[in-house]
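Note that chain A is present in both complexes that follow, paired respectively with chain B and with chain C.
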Partner chain A sequence: MGCGFAKSDQAQLKQLNRGTSIVPAATAMRAALLIQRWYRQYVARLEMRRRCTWNIFQSIEYAGEQDQIKLYNFFGYLMDHFTPASSERNLISHIFREHDIGRDVEWESYKSIEVPELYSGPHLSFPMTFSNAAELVEAFKNKQQLHSRYVLQLLVESWRRLRILPNISQISTCHSKEITICGDLHGHLEDLLLVFYKNGLPSSERPYVFNGDYVDRGKDSLEILLILFSFLLVYPNDVHLNRGNHEDHIVNLRYGFTKEVLGKYKLHGKKILKLLQKIFSWLPLATVIDHKVLVLHGGISDTTDLHLLSRVDRHKYVSALRPPKSKKQMRSGLIGSDLEDNDPTYEFVGSSRRRVRSLTHTTYTVTRHEAPRRSLQVQTTRVTYSVEEELKKRRRQAGLSQSYRDLHNSTMNSDLDSDPDSGGELLDSNEDEWKQIVDLLWSDPMPQDGCIPNDVRGGGCYWGPNVTEEVLRRHNLTLLIRSHECKQEGYEFCHNRKVLTIFSASNYYEVGSNRGAYIRMGPDLVPHFIQYQANRSTRELTLRQSVGQTERSALKALREKLFAHKSELVSAFQVYDPEHKGRISLGNWASAMEAVLKLGLPWRMLRSQLVGETVDGMLDYQLWFRELSITEHKTELSNANLLETMYKNHSNLETIFRIIDTDNSGLISLEEFRQTWKLLSTHLQTDISDKAISDLAVSIDFNKDGSIDINEFMEAFRLVGGDLLQHEDDVH
Partner chain B sequence: MAEDKDSAEAIVSEVHRKISEAFDVFDHEFNKTVDVREIGTIIRSLGCFPSEGELHDIIAEIEEEEPTGYICFEKFLPTMTTVLMERRFRPIPEDLLLQAFEVLDQQKKGHLEPEELTKYLTQEGEPFTPEEMEEMMSAALDPDRNVIFYKDFVSMMSVDNHR
Partner chain C sequence: MAPKKKEEPKEAPKPKAPEPEPVKIPEFNPAEVVLEFTPEQIEDFKDAFQLFDRTPLSEMKITYGQCGDLIRALGQNPTNAEIMYVLGKPKPEEMATKMLDFDSFLPIHQYICKAKDRGTYEDFVEGLRVFDKLGDGTVMGAELRHVLASLGEKMKEDEVEQLMTNQEDANGCINYEAFVKHIMAS
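Up next is the complex of A and B:
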């Protein structure tokens, strides 16, 4: 048997098993050894599963972000090339329209909102006091909702406070004050409450720095903002809020914050969002402690210049996804160089960085040339190209990936949204400023030296240890504290402990996926970490159970991706199955999966969770897909192509729908629905006939009343079930 | 004959890919090295059941002349390939595992007290660390009766292992 037990031992074991009163030492030892050996193997396999699960989540998360930027670039491109008469343009011009939000008078209108007698939530009075703020925390802990009047009032006051703050706050640990630094919270109120419980509420004795990404993903983003703003108002010198990449209304459209606000505040939600749009742009960019420790959300690049950053008009950059207009980009022609840099599938030579790759296969690329200077409204020279024709032409001409330079040269040109604060014509320097800000909010560290575009997220860059050295040295700093990336232990050092990532949203991907942490730092500027995990039930779960839960969630998300790429996968499988027998070996399956999805995942390790039965090591792939695609939807969809496209672009679809739904009713008309699909299919270069779309529209109109409920639609098409190998019962 | 050779090569090549995948999961810097402390996890996740002593022997084999704390793939691959092809460190059958528990259950109660099990596993063989013991206990202990029904425990864990 070859397992450490000789035959004679086994016999001995059997003999002793007959109920002697003492276990001889040698036997006890052998039994213990066996159990230990077995258990350690078990733990190792769990650890492997945990790491794989983590990789899955991260790859899907980052691919989603990149998706968002691609979609956004596409919109921008369309905006510039639409004829004024085009109805499609109206659909998405909304996203670029920044209403005039500079006037105080408009915001004072909250005063006219009456708070009814029946309202049982907290009442705020201004100027706010500590007990007011503490009361608010309690109220939210008890799941109460703040009345919209108070929300607006609080936001207006916060705005007033924020706009007088510098871009980079300078704080000090004098008077032996320890500073607490928190990372991403992402709407996880329970984590913020846990931090306050363990560490105490903010006060002049207990200063806090919050490092961005307060919103999106979690369901209490607004409550977190309201709490943080309250303490900001009460202790303006002791609470510091940095901007994160999610403090951006465009990102919010996709990642849930917009939806949350509109859902909680049906009447005034839109106004709240508009105000927040402005407030986000006024959030400071960074904090420096004792002139030595730099705290900012994303990271740095080789060009990061804090002096420049301290001088910019930060509020001009309402969304980091929208670069400013500039002269330069208007002249920029087709740039043929730098091919090697931005192909998302490129493996960087030498230090081949195997990061997760984009799941979207759009080869559509934007190259800017001869962008008109004028606003679209004035522009009458463009005549009737249809969108498709125009894009085909551009694609032929372009056919190149964008270089990093191009990426921030390419801009969405829209004068519809001129910020009243910006005067006159903007200069090239705006572009540099914009790049500086995007780098600050979106970048990630990498192990190798250098500085390259962050193609995974689609914005900012990857920077290496040499860049850290240089930037820290240049500014006479000793440590960079940043957030932006989820870490299993809540924090992680890199770059010779010169860069510290702090992440405060526990269970970020799924219950049990990671701990959150915060930093305490005194005058010695040595960081101390406190870790935690919200959700009491996680601590009671055994290791095995918590891995299982997270894993199931990751696998479900992965299966959806697989299903979305079905046709490409089948083509890839058929390469290994030239006689179309419908079966391939597991080794070939793994190779094909990686070739198509480019996720850098260990397919052979994941195989047992993704693939059910195999016969002689061969997989019947058609059967496999049928098992994968167990969905629960109310309509019969004969068009498989459409279904696949829908799954692939789940989030994009929702984003577009929410944009279209201008009155935030949650409903869009059939006609709008049809137009959305046309837009999307252009973006994706897929071929979906008008008839197929019309059929789909009609079949989705569940009430047959000519309109489609967005939420119903999104729910109806989620992949449900299909968990082929679920042995475990649900654990709760 | 040629066919056999092809399929033998194919098998080895597939084994190589399996090893590479597992290795990459822990290659945090994407430079084909892993921390030596993760080697045990990698080897075990490939289906092997080495003892700690056997693990240390393997590590000694694949470490650099001057240990750096890192193991590089070049050295890991050939050794690991041999291990897999030879089916070294084979899995422990369920019934044998059960016997091991039964042996410790002197009084044939059908269960073990937590103190008993803890004593054996933290003092005998290749002792568990307190953390390892705590982890196993949390999965094994029946919360109502406060004992370990090892038969159930083994069955439960074996289901997992077949995933």
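Up next is the complex of A and C:
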């Protein structure tokens, strides 16, 4: 179809003629149309790439969270089933041991910490003043570190403050105060500083609500906490902190906060972490503005009941990943002498009759979208298999819109082992509470009606617009503000503008990946958004450059995953290539990729960036893997399978190492390494011989002193990955 | 049809011909389009289609408004007018509400793929050369901005900005061959 000139075009032409006289009007028109067409194509293609990249990051991120929970559930399962004599049990009891963190006296010990003359960082005095807090912000801006004495003191004072707060804070915009609401910060100090710069520091004229996830991933999580707590102390009625799912010491083990604190505070790090563990459990769960706007971190479910939530003992839930303890169910003597009966924080379901439950109570295939590539399967432990099958069946019969409560009930009913009479009621109400809290911290909205377990993350649920309607109506609210999910523009509405996601960590996945935003809201309760992107250089990037950068990062992460699953992938490919000719069609390649990796990604669209050359639409997969494979590890590992398994699970390994490294020396013994590895291989249901593990342990002990340096070990993986991909980048 | 005098009232009233148009273009008829895509290509399109599908139940449907973006993302560069044509000239409010399923999308996409004047690199450069007053291989950034924002299927200011970022030199001139390569390279 040619460029027909309609009337409006003729008017334009006349206009042009009046202006420049040199260019023939029709030619100029054609030129303009051509450029515009190409521009629009350019933008559309970039958008497509951006979406793909986003999908990659998000699916890897959520798969990691799911992984973490599975690992944790596995330990729970082991604890349930171990007999007292096993040495491995000691290892695991490490993981579950929570030392008494109840007594104040212990915390006062910070007073004995001396601040040396040489210390050039900020000095805090208590009660804190505004200038103290502002000074702290300045100090952190200048990359100073707060002395551990002040850190502990600040944390103790914060804890004192937090424990008198209700579960749900009620605040109002009276006095024409505008409230500022911030979402996830995830250790991105520069974003917090940017918000303060644009919006001003907290004060009674400038109240703030912070909606959780202050820590993990970014490198200044502790500094963010210290700043927020300072302002909390100075303006207790005007600074409100909600708990996020990352305010959880178990999650912190994997996602970097634990490592950050131990790295910055070598002497007192563990103490700081323990105190924070307690503090996290005392963070309020939600904030309500003018009785109309509900602000909480993750989301809701169809059973969310604010009245119930306002009455729970929130500090019982030190980690949302642990089911609540019921004293009646505890089997005495199971755990050992370090059990503190009166310690409310030691939560553990002791009865061997109870199965290990994932946070979502179910493990079956859930399709969030009907398209097959979106389905994710959660692995079950062998013990629970038959029950899961039954659930699957019921679910199929009942249809997608079955509510979470129904599924929960059917879980309870089909637990053939449980004794419905023994303390069932007590456990039920604890279960309810626990579920309410998990839902609040972990849930995500979905476009379709209903409420289904959130199998992608492994915790909480997906809730639909009808649930939003109902919960808001039930509590006489008009808007739900939540965070928890990264959004390109820093914020996003859904559910008919009744749910608003606010995310304040810019460049979350990668430099240039997204903007951060915060909300200003006045008495009219209409949210106004301010967006930003920390890191000046990202603003100067063109759209294509920032998409390109983020994309490279995502593809790198994806390639690492591919390498880690090489054996499984090759097996999957060979299903389509029974004669082992080494070639499969692209269509089969895509199916195999999804079947193994289960990331729900558009593989065909990513194909050009992952695969390269194909001949007649057929891919030579062996060649592909050779191109993809990473250079040899510096130790000579004869067992390639082991290397691959290790690589695939390095996050899990690191988590476990950090747990067992109780004296925070960065070293674990060979014996501990062996035990860890054995445990992990049970979890993964892989078969690795004792000899292979011993050999591995010895080979990794580089300086032959009987211990393994964790950091060195983990570095090996990063280095290995980096080498290859550096090379690839150079080639391109 | 033999022309008839308009004054005769007994004649069956015929629609008044509008002011003379160059060609009376028939409405787009998807049934007339012969699909020449290979099964591989169709699978690729499906993947892309799914990426755009935002329906609650993943019904494999996109809005009319998304159709143009999808076609462009797949490598074509139609004008907005062409998109409107293949969509059957929908009203503005329908763009966000009317849905298109995958089977209806294919003939539309095929039609656009077959369209003749896609514009090659040379066409593009020629198009810009038009503004090269000095014949030195550059055009004035300001003039180009003005043209893009006021002629043809006008671009918005921020779109123009987006396009022109880092293209102009210190004198505000753009080397258009480089510019064309930049645009076509995405």
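Basically, the second predicted complex is superposed on the first by the 573 of 732 C-alpha atoms of A that agree within 3 Å, B and C clash if a C-alpha of one lies under 4 Å from a C-alpha of the other, contacts with A are read in each partner's own complex, and residues count from 1 in each chain.
Here is the rule we use: a residue touches a chain if its C-beta (ideal position, glycine included) is under 8 Å from a C-beta of that chain, and two chains touch if they have at least 3 such contacts.
Given the structure is predicted, the values throughout are model-derived calculations rather than measurements.
In the superposition on chain A, A:L308 contacts neither chain B nor chain C. In the superposition on chain A, A:L33 makes contact with both chain B and chain C.
Applying the stated contact rule after C-alpha superposition, one finds that A:A134 touches neither chain B nor chain C. In the superposed pair of complexes, A:L201 makes contact with neither chain B nor chain C. Within the superposed three-chain model, A:R51 lies in touch with chain B and with chain C [touch as defined at top]. In the overlay built on the shared chain, the residue A:Q41 is in contact with chain B and with chain C. By the touch criterion defined above, A:Q609 lies against chain B but remains apart from chain C after alignment on the C-alpha atoms of chain A. Once chain A of one complex is fitted onto chain A of the other, the partner contacts of A:L670 are absent, as it touches neither chain B nor chain C. When the shared chain is aligned, chain B and chain C each come close enough to touch A:P447.
Residues 1-5, 16, 19-20, 22-23, 27-45, 47-48, 51-52, 55, 447-448, 542-544, 587, 590, 602-605 of chain A are contacted both by chain B in one complex and by chain C in the other.
Within the complex, the chain B residues that touch chain A are 10, 13-14, 17-18, 21-22, 24-26, 28-31, 40-45, 48-52, 87-88, 90-93, 96-97, 99-104, 106-108, 120-121, 124-128, 132, 135-136, 138-139, 157, 159-161, 163. Note for the complex: chain A touches chain C at residues 1-5, 9, 12, 15-16, 19-20, 22-24, 27-48, 51-52, 55, 369-371, 373-374, 447-449, 464, 542-544, 586-587, 590, 602-605, 617.
Against chain A, the residues of chain C that register as touching in their complex are 22-23, 25, 40, 43-44, 46-48, 50-51, 53-60, 68-73, 75-82, 85, 115, 117, 119, 123-124, 127-128, 130-131, 133, 143-144, 146-148, 150-155, 159, 162-163, 165-166, 183-184, 186.
Within the complex, the chain A residues that touch chain B are 1-5, 10, 13-14, 16-17, 19-23, 25, 27-45, 47-48, 51-52, 55, 351-354, 447-448, 542-544, 587, 590-591, 600, 602-605, 608-609, 725, 727-728.
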